[in-house]
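Two complexes, one shared chain (chain A), two partners (chain B, chain C).
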Partner chain A sequence: MKPGLRTLAPYLGLAAAYLLFSLLAPAAFHGAYNLKTILTQSVIVGIGALGMTFVIISGGIDLSVGSLIACATVLLARALNLGHEPLPGWLPWAALAAATGCGAIGGVLNGFITARFRLAAFIVTLGTMQIYRGGAKWLAAEQTVTAPATWLNGLMEVDAGPRWLWIAPGVWLLLALTAAVAVVLRYTVFGRHVYALGSNEAAARLCGVPVALRRIQIYALGGAFAGIAGAMQFANLTLGDPTAAEGMELDIVAAVVIGGGSLRGGEGRAAGSLIGALLMAVLRNGCNMAGIPNYLQNIVVGAIIIGAVGLDRLGARGSRA
Partner chain B sequence: MLMTKALTKAVAATILFLGAAGAAVAGEAVAPGGTAAKTRPVVAVIPKGTTHEFWKTVHAGAMKAGSEEGADIIWQGPAKEDDRKGQIEVVQNFTSRGLDAIVLAPLDETALARPVEAAVKRGIPVVIIDSDLKSKAFSSFVATDNFAAGTLAAQHMAEALAAKGGPASGRAAEPVGNVLVMRYLEGSASNSNRENGFLEGLKKFAPKAVVVSSNQYAGVTAESALKTAQNLLNKYPDIAGIFTPNGPTAFGMLRALQIAGRSKQVKLIGFDATEPLLAAMKTGEVAGLVVQDPFRMGYLGVKTALAAKRGEKVEARLDTGARFIWAAEVDLPDVQALVHPDLKKWLGN
Partner chain C sequence: MVGELSKPHLSGPHLNEPRSGRPILRVLGVKKAFGAAQALRGADLEVLPGEIHALVGENGAGKSTLMAILGGNLRPDSGDIAFRGEDWTPAGPAEARNRGVSLVHQELALVPHLNVESNVTLGNEKARFGFARSQADRVRAALEELGYADLDPGARVGSLGMAERQIVEIARALFHDAKLILMDEPTSSLPARDVERLFAALGRLKARGIAIVYISHFLDEVARVADRISVLRDGATVAAGLPADTPTPDILQAMVGRPVAEIFPPRQGNLGGTVLEARGWVSRPGAAPADLSLRKGQILGLAGLVGSGRSALLRSLYGLRRPVAGSLAIGGEAELARGWTLERARASGIGFLSEDRKDEGLALGLSIRANSTLGELRRFANAAGLLRLDAEAAAVETMRTDLAMRSQGIEQPVGELSGGNQQKVALGRLLLGDATVWLLDEPTRGVDVGAKAEIYRLIAAEAAQGKAVIWAGSYLPELFGICDSLAVLHRGKLSPIRPISAWSEATVMAWAAQGVHA
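Up next is the complex of A and B:
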């Protein structure tokens, strides 16, 4: 990882956006409650982006994560409906595991098709995006699935249930997962293989990296993170929604790219992806606060995505010179 | 894997071009939010979306109430329509900003309950308009009685079917024939109440009519409604009457009927007075419309929210009423006043 402006770019972008809206939006923008709101709103895209970081570093892409998130919300709601009142204590945990597992299985399928048949990940996941979306609608019998109230509903409360938590449990989870992904990428053999795959697949193969297996594992991880993001989406909506997260895959890819990930593979950082997700949450929140109309919001968010990546490239050129 | 790289570049380009045109416009994005005088109350009105005409009329009504009460109105929908998470975030962001009141048309009766409760907990009264919310926290529900409005549509559908089958049956008009209901969206309370009100009403007013399909959902856009409508029309060649529960579904169905050349054979009853539907009333392609009063919804929503903020007692449920309009009545002055409220006066363009 090359130091310098390149690594700093997402942080600078986030700081710039925060400063800009400090001028445009009312004073409440700085408030602790609003800070907590922004953090909570970046959880779903953030967790999805952590999984996507593995995929993008390895030179792939996963367009099916939005649909996997929807699948996970529905499956979680369905699982909770299996119990009878009073719900057994293990049921929410089992439902959480089911959501994560459902994402992982979807990811395994993505990885298997991509690796086994040597197909472009873009096309494979474009297809599975539709398949998983259909699966979510089928699982949900084409309507939203309500679920009995459990502690899961509290995971995304802006004002966390126990005061000492200060922020939503979902935010803590996001931070913990970011740290875990950073460690895995930097200090494990698996992490080094992910970078090797994305930098030069042929060389990696010659060096004895089990390419196909790693690909499947990488997509499975990406899917599992989408499953966890789906559980957070469920907590946010308190219901299973087969139309949830439509188009969110692009927000997730954008978060990784803003954070320094390269779609050519070989580059990307966990912390960067987290910052990318935060930046987009700050933009939406700031635009709402400042009362900027929707069409301008879309334009501003788009312009900042380009700006962030442009800054990144500028930094790349600078460090080479 | 060369293919992958070319394609990933294409994705990169797509993502990067999301808003390329806008950098110049973005400079004008300075809104006066921070400079609003402290004495004027600020009310946020959050629609389900911002592009439908229905919501523009709600906006106009809200502006009128704002000017009468000396309050500032902030109009802000979810960034993507039909995006529950997006609307939750808008509610959260306004809660965090600390306004005087929120008027909300919830996209989902369950998903928006918690954010609304969080707003109320922070001392911001919330008035719900248009669609109900499964919560007890909000101050008032200001909307059309959608079930009654659906029943109203069924009553007139019976009349239309009777007129159609009249001479053939020999005796005084009995409403018969195949009827189709194309639903709107899974989980939309206002629309499913209309659909169910219609189905219940039809049992009462036209017991001999046959409902051939009532389980297909059109989706949010006119485009998706058109596709669903075409598929339904292909499946059922013999249809006498169709009910659709809102503007986009009615328009999608109308276009499907026009494309199939069946628009003059089928009695289409729609909901909400959008321009294309009003135009089709004049050509007889739409038999009738149930018209709500969105202007009054926005107006009463803001009025009630401000009253709740002042600590006054407000009604828990306010019906803003619905009216049925036959195609022949569309040019009547009182109908025109309802379907063409003076938006320019309130929205300024």
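Up next is the complex of A and C:
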């Protein structure tokens, strides 16, 4: 298969889905407001998918990100509750950093266990998925955690900001992070190592790439992105919820795979993952607007994931010599 | 095909063959391409019943491709194949096996967790009410027939040695009533004693009228075991059905396509000071301590059978595996084996080329660019870790031109290149680096003849520039052609290093086989 097709496929898919729902759904679907809504709805999965892009390119997977997102919402809410009214201006920032750091620490643990004991990432993160979920519930005392209102709550509001902002701040953040990840993957030594690790770990080792360290860094990045996604989740809910984002890890993996990431490692792009997240948001939103029942949504999303993986296999067969 | 040997001994009834008769297998003009690489461009082969027919040729000549086609794993693009008078177009290995052609794989196709019987009967289990019925008697009969009556059908295959595993594969072929057995490098991983036993087993098969196509690199072995020899070169049959007593140089010439002497560059013997000296170096548990010294400009050959510890020695020097004991002096500084790591080896100026391009040497999915600079990315990065892509591209482009690499530019995935060009990428990585000691493990494995000659020239030129090279290989004419000194390994025991002129193929083989000077 030509590499071009695999790269273009997610864009074409997104365009096709958008056109399709423009026909099926009421006119409100392609209005500016709904467009902004779709963008906002793609933020959490999108940011998670950017982190997952590193992990998947490196030949790994991280199933614990959903739990990490929940952890982050709880930790953020708890952190905000530490201050007394009026809240000091740095507190929301510190809470945001705590959420991100919590994700990163979870990721370090994932990477350490995977690299140090040479265990399959799937199993390790399947385990930590439960552990982190448990940790989130413990942190939250098995309840949702309310928090004082701050500017954080506005991050995911479609029309919250000044007019010139046009879209929700979270969407801008998603776009900026996408650009940053794209640059890291393409223009840095670290990015090159991520691809090398996923394409052939033995070759990377042979060339002196510090394989274990890189794995830990990669999972830490994946976790940190989950932490940021968690902050966005918090903004959405305006409270910390230990049961938030259950099953979202699969949406995140799906977004990366739809966007051209290969679960065999060595392939994947930041822009692709963004498009994957947008495609899923368009599907969900479009189905709702068109009154398509929920069960059909599930079936459609599932079929698209399989289709994307099918393309991936096709590519693998084509390049085998 | 334009070989110097223009098929002087075409197979057929004119041969003084006691087993002459209708061929059981007839292959004519078979072609097969993988993408841009033409693996077979006109392969012919005729095999008589009860004959051991050797198929020889260099790596990449297309032998394994032809075997895979005959065994039903691949389909040819064109050409005619007839087996027992019928068109041979098996849908897959299972059908090929059921119709009487069994392939004994180079990488053995066994299930290590199951026992011998289950492996032999795999895919042909007999069941009663859904429960597998024991066929131990038939399995035992097959093993007996091969002279391995002592092999227990209940033994787990994972616990068996290489030789016995091979017998299990052959027993599987017998069990399925094979008329033609295809063997790909059956002795490459066997110790000498087991080779004899395998030959005895082959003799029994032959006596039963079973035909065997036998691929091997070892021409002395071929001369002993085969009835006739066919030679493949660059995907085409250049000599078919040569008698077994054809002189070795003639066969070599057919394999290589030119007189053996011409493909090696002249070497000048200007050696500099010692750059690497190992004392009492034990590369793996059980290996004897080895002393080794290497001088600037030297190409030191490292011979030995597969499994003799050549790779272990090189890999331990590069720090890819922890050496057990010994000390190493590089550029005058002595280092103990304990604590010797890949990072320190690289920092000391040691470079390494893996024998296993596919699984270790290269990241096949990545571009030529990414592969060739992977070890030296720091050279192309600024302090912040940002890559200067232009500088990198320029360096890789220069390297690509210098090595006459045939590719569609530096962004092409390495997996799409031919074996020779892939190897050039792996060598190019060393060229782009600043290693002064090159450890090359089988640098011409799976490389076609033309690329081989280019690799010889490249390494010789680098040595003349002052690089010190250890060249591990199993193909003796190559070692004699390129090296200026040689040492031989026998089961982890290293011979003294001697000038190449002090060795002969016979003395090398004697040490390789027995660990003593003949």
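The rule we apply is simple: the second predicted complex is superposed on the first by the 304 of 321 C-alpha atoms of A that agree within 3 Å, B and C clash if a C-alpha of one lies under 4 Å from a C-alpha of the other, contacts with A are read in each partner's own complex, and residues count from 1 in each chain.
Throughout what follows, a contact is a pair of C-beta atoms (placed from the backbone, for glycine too) under 8 Å apart; a residue touches a chain by one contact, two chains touch by 3 or more.
Owing to the predicted nature of the structure, the values given are computational and were not obtained by experimental measurement.
> Tell me the contact category for A:R205 with respect to chain B and chain C: first, second, both or neither.
Second partner only, chain C.
> Taking the superposition as given, does A:L91 touch the first partner, chain B, the second, chain C, both, or neither?
After superposing on A, A:L91 lies clear of both chain B and chain C.
> Once the two complexes are aligned on chain A, which partner has more residues of chain A within touching range, chain B or chain C?
Ranking chain B and chain C by residues of chain A touched puts B first.
> Just checking: does A:A28 make contact with chain B only, chain C only, both, or neither of them? Give me first, second, both or neither.
first
> Mind working out whether A:M52 is in touch with chain B, chain C, both or neither, as first, second, both or neither?
neither
> Which partner does A:L80 reach: the first (chain B), the second (chain C), both, or neither?
A:L80 sits against neither chain B nor chain C.
> Going by the contact rule set out at the top, does A:A160 touch chain B (first), chain C (second), both, or neither?
A:A160: touches no partner chain.
> In the superposed view, which residues of chain A touch chain B and also chain C?
On chain A, the chain B and chain C contacts do not overlap at all.
> Mind pulling up the chain C residues that touch chain A in the complex?
34-35, 37, 320, 342-343, 346, 352, 354, 359-366, 370-371, 373-375, 377-378, 381, 385-387, 389, 413, 415-416, 429
> List the residues on chain A that touch chain B in their complex, please.
23-29, 31, 33-34, 37, 40-41, 44, 59-61, 118, 120-123, 140, 142-144, 146, 153, 157-159, 201, 233, 236-239, 241-247, 250, 253-254, 257, 263-265, 284-285, 287-294, 296-303, 305-306, 309
> So in the complex, the part of chain B that touches chain A is made up of which residues?
Interface residues on chain B, with respect to chain A: 1, 3-5, 7-12, 15-23, 25-26, 28-34, 36, 50, 74-77, 79-80, 82-85, 88-90, 92-98, 108, 110-111, 113-114, 118, 121-122, 186-187, 217.
> Hey, which residues of chain A end up touching chain C in the complex?
It comes out as residues 187-190, 192-193, 195-196, 199-200, 202-209, 266-267, 319-321.
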